[in-house]
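Order as written gives the chain letters A, B and C; numbering starts at 1 within each chain.
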Amino acid sequence: MLKQMEGSQAVAEAVALCRPEVICAYPITPQTHIVEKLGQLVKDGTLEHCEFVNVESEFAALSVAIGASATGARAYTATASQGLLYMAEAVYNASGLGLPIVMTIGNRAIGAPINIWNDQQDSMSMRDAGWIQLYAETNQEAIDLHIQAFRLAEELSVPVMVCMDGFILTHAYERVDVPEQADVDRFVPPFAPRQILDPQQPVTIGAMVGPEAFTEVRYLAHYRQMQALWLIPELAEDFEQQFGRASGGLIHEYRTAGAQTLVVALGSVNGTIKDVVDEMRDDGHAIGSVSICSFRPFPMKALKTALRTAQRVVVIEKSLAVGIGGIVSTDVRMALDGLDIAVHTVVAGLGGRAITRASLREAFDRAARNALQRLTFLDLKHDVIHAEIQRLESTRLSGPIAENILRELGIVADHIG
Amino acid sequence: MYQARIHGRGGQGVVSAAEMLSVAAFLEGKHSQAFPSFGSERMGAPVMAFCRIDDREIRLREPVMKPDALIIQDPTLLHQVNLFEGLSASGRVIVNSSRNLDELGLSELQSENPQGCVVTVAATELALKYVGRPLPNAALLGGFSALSGLIRLDAIEEAIRRKFAAKIAEANINAARAAAEAVAG
Amino acid sequence: MKTSHIKFYQTGTYTVGNRLLSDADRSVQSTMERTNSLNSGHRACQGCGEALGARYAIDAAMRATGNRLIAANATGCLEVFSTPYPETSWQIPWIHSLFGNTAAVATGVAAALKVQGRDNTRVVAQGGDGGTTDIGFGCLSGMFERNDDVLYICYDNEAYMNTGVQRSSATPPAARTATTQAVGRSPGNVFGQGKNVPLIAMAHEIPYVATASVADVRDLEDKVTKAMAISGARYVHILVPCPLGWGSAPHDTIKLARLAIESGLFPVFEAEHGEITGRRHIRRQVPVEDYLRPQKRFAHLFKPVLQTDRLAALQAVADRNIRRFDLLEREDQV
C-alpha cells in the first residue's frame, strides 16, 4: 500500500512484516525511531510471537540476538555509529557463528569529535566483519532490502546489515509502497535453521578452534559470502517478479551507456548524483553513475563490466581511511585492475555536510577536464585548514583537532547547506 | 519541483509541519519529501525542516537551498538567523505574527517581492484560541495553503487528521481554516 | 529436598561420610541417571575447583529441569578446557560467544525459548569471576534488572586464571597475581578495592541470590536446585579454588574452600528479593592465617618476615563478614 511515511517507520513496518521473533533495542541517534516503532508494534499486538528486549548497550543488543538466533529464533536489531563500534566484538562473533541476524544501520559519523550526523564511516569500519552489507538508495529500497535481507541471511547462514543513511533516509518522509503481509510471507519463508541449541540434540557451539582448522573456517566464511554474489541478484529478480519493482541487486546503473565519466557511490547520495547526471547529460556531457548496493560481498565482476568502457571513475564516498584516503575507491580500483581507467576519490558528506548538486557538478566538471585530483575533499574549507596547518608549523600543539582549530577561530554553522 | 523551508524553534512542531505538508501533497497524488535539518537541538533552539513537492519522484537529497516558500513559525528568529537565504524573487513567505510586516521590519522584503507574496498571520493566537496550546504549525499550513495555492486546504486538513488524535485534529483544523481565511483576506 | 541440622563430630578430617545421612540426602557421585553434563576427559588442571563446581552445578540444574537445559558460557578456563575443537565435554546444548556478553546471550536464548513456546527448557549462563564481576558486569546487571529467566553461575577463583593469573575485581587483598606482584612496599593486591557481586545482585532485588563453594557440594546442589525452581533472574556465586593461581596443592582444593568459609573470608548465604534468608553458619571460626598459609599467593605475608599488620587487616575483613552476615553459630542454633 502506498503511504507517505518516515523512513524509520517504514523500515520498522517492513521488519515487522518479516516476522522477527526476538528484537533487541538500544537507542542511538538516528536509529531510534525504528526500534521505537517496533516496540510499539510488539506491545500493541500487531507484531505477534515476538519478544522485544530493551537492553543496556549495543553490545548486549547484538549478544541477545546471538543467543536468540542460536536458539532458532529470527533475530533483529538496529544501531548506528558508536553503537556499532561498541558491539564490534559481537559483530564478528555473529558472523563467525554463522547466525543469520539482520541489523539495520542508520549510518552516522564516528567521533571524536562527536557528531550525530550522517556519513558511512560506521558501517565501513565493519566491512570486513563477515556480514553482508547492503546500502539503500531510497526509503523504498530500504524497505525492500530488509525483506530480501532476512531471506538472504537465512539461506546463506550469514548475517546481513542493511545500511541506510542516517537522517537523510531515516528521518525523511516520502512515498513508499509497504508490501502486504501475505506477499512478504510468500517471499520470506519461516526460519528453519539446521542446528540450534536444543536439549533433544545437544550441540556445542562456539568452541575454541586452533591453528589446525581456523584458516579453513575463515575460508568457508569467505566462500559462503561470495555465494551471495549470485544469490543477491537472484533474490532481487524474485522480488521484482513478486512485488513488481526493481530493488536490491549488486549494483544499479544509471545512464551509463556511452559514458566517459562514471560516478560510483553508495546510498542516498545516488539520488542527488542522478539529478546532476541528468543536468550534465542535458548539457552534452557523457556521464552516468553506478550505485553499489552490495558492498560486501564486493561485486568485483559486475562493477568491472559496468565501468570498463569509461575513461574515468569518480567515487563519491562518505567515509575516510585516514592515512590512505578512500575506502570504497580502493575496492573500485581493485575491480578495475589492469584497465587504464583513472579512479578519483571524492570524500564527501562527512559528519553530515550536505552534498549539494552544485558541488558535485563542479567536481564532475573538473573530472571531465581531467583536472580532478586523485583525492579530493568536497567543499573543504581551505581557509580553516590552512590556518591550522600554518599554525602547526610554528607551534606544535598536541590534543584534539577540533578544539585546536577553535583556538584560532570560532566557526559555527551560520548558513544553510 | 516546489521547495518549502520551515523555520521555528525546537518544540514548535517544525518537523511535524514539514511532515504534514508532505502528507497533504501525497494525498493530492504528488511526490513529496520532508526532512528535518538534522540537529540535536533542544527545546527553544532554532530549527528548520524542509519539504519538496513534485509530480515525479524526488531524488535530490540536499537541503532546501533555494526555497519557493518560507514558513516562519517564530518571528523572534527574524533577526537571528538568515531565514531568507536563497529565497527566490517570487518566493512566498508566511510569518507567524500578530504584527504587520512594517512592525516586523520586513517592509524591505515586501517591496522586493511581488504584492501579496509576504504575509503575516497570527497563528499562535489562532492556535491558542482553537487548540488551547501555542503550537502554530497546523494553522500556518492552512495559511500556506491559501498563500501558495499549491495544496488544497482539505488535503491539509486530512494530513492534520492523520497526525493528531480526533479531538485535537479538529481543533487544529479549525485553526488552519481560520488562518487560511485570514491570509485569503 | 528437606534438610535437617546434623552435627558432625568428626573434625580435622574435613570430610563427612554419606553414611551419616539418610538415603535421600546422600550425595551421589555416579549413577546411571547422572547426566555428567561436563563429561570426563576435559583439559582442566588437577584439583580444578571450577571443573568440580561446574560439574555439580550443571548436573543439579539438569536434574531440576528434567535434562532440558541450555548453557551459555563466557570465555575463560571453563570454556577453554571443556571445548578443545573438535572435541567437547559438554553433553548439553552449549554456546560460547564472547567474554563479556554471556548474560546477554543467555537472555537471547531465554527470549527465543519463550517465543517458541519451549517453556520447559531453561537457561544457565556461566563464567568465571573475570567474565562476571568485570568484563561481563554490564550485561549481567542488565539481565538482572530485566529479571530475565536465567540462572547465572559465577565460578569465582579470584583472578584471571585463563590468561595467567591476573588480578580481577574479585581478587582478595594481599593476593599475589601477575598484575599485583609480591614486590615493593605493599606486595600483592591492594586493600580496600574489589566488588561483592552477590550483594550487588541482591541490590537488583532479583528473586534469588546464593553463594556456595566446592567444599560443600550438597549445599551447592541444593542452591542450584532451588534456583531452578524459581523463574526470573537468579545468581549463584561459587568459590572455586585454583591450584595454579593460588599456588596450592591440587589435593587441597576442597580444604581451602572450606577454610575460606570457616575463616569468614567467604560468607555463604542465600537471599531472596534482596533480603538475606539464610546463611551457612560457622561452628568454629578458624584464623585467616590457617587459610592463607597453604597458598603461595599469600606467601609474602609470612616470609621473609611475618606481616602481622596485613594479617590483622585480613582477619578484620573476615571478622567483619562474620558480624555482617551473622555467620557464627550460636548455642541456640545448634
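Note that contacts are C-beta pairs under 8 Å (C-beta built on N, C-alpha and C of every residue); 3 or more make two chains touch, one makes a residue touch a chain.
Predicted, not measured: the structure shown is a model, and the values here were computed from it.
J.: So which chain is the furthest away from chain A, centre to centre on CA atoms?
T.: C
J.: Please find which chain has its CA centre nearest to the centre of all protein CA atoms in view.
T.: A
J.: Just curious, how far off is chain B from chain A if you go by their C-alpha centres, in Å?
T.: 33
J.: When the C-alpha atoms of chain B and chain C are each averaged to a single point, how far apart are the two points in Å?
T.: 65
J.: Would you kindly tell me how far, in whole Å, the mean C-alpha position of chain C lies from that of chain A?
T.: 44
J.: Which chain A residues sit where two or more other chains touch them?
T.: none
J.: Chain A touches which residues of chain B in the complex?
T.: Its residues touching chain A are 5, 18-19, 22-23, 25-27, 31-36, 38, 40, 48, 58-65, 82, 85-86.
J.: Would you pull the chain C residues touching chain A in the complex into a rising list?
T.: 67-70, 72-73, 79-80, 83-86, 88, 90-98, 100-101, 104-116, 121, 138-139, 141-142, 145-146
J.: Please give the residue numbers of chain A that touch chain B in the complex, ascending.
T.: Touching chain B from chain A are residues 4, 6, 29-30, 116-118, 138, 165, 167-168, 171-175, 268-272, 274-275, 352, 354-357, 414-417.
J.: Name, in rising order, each residue of chain A that touches chain C in their complex.
T.: Those in contact with chain C are residues 21-22, 24, 49-51, 53-57, 59-60, 63-73, 75, 89-90, 93, 97, 197-199, 201-210, 213.
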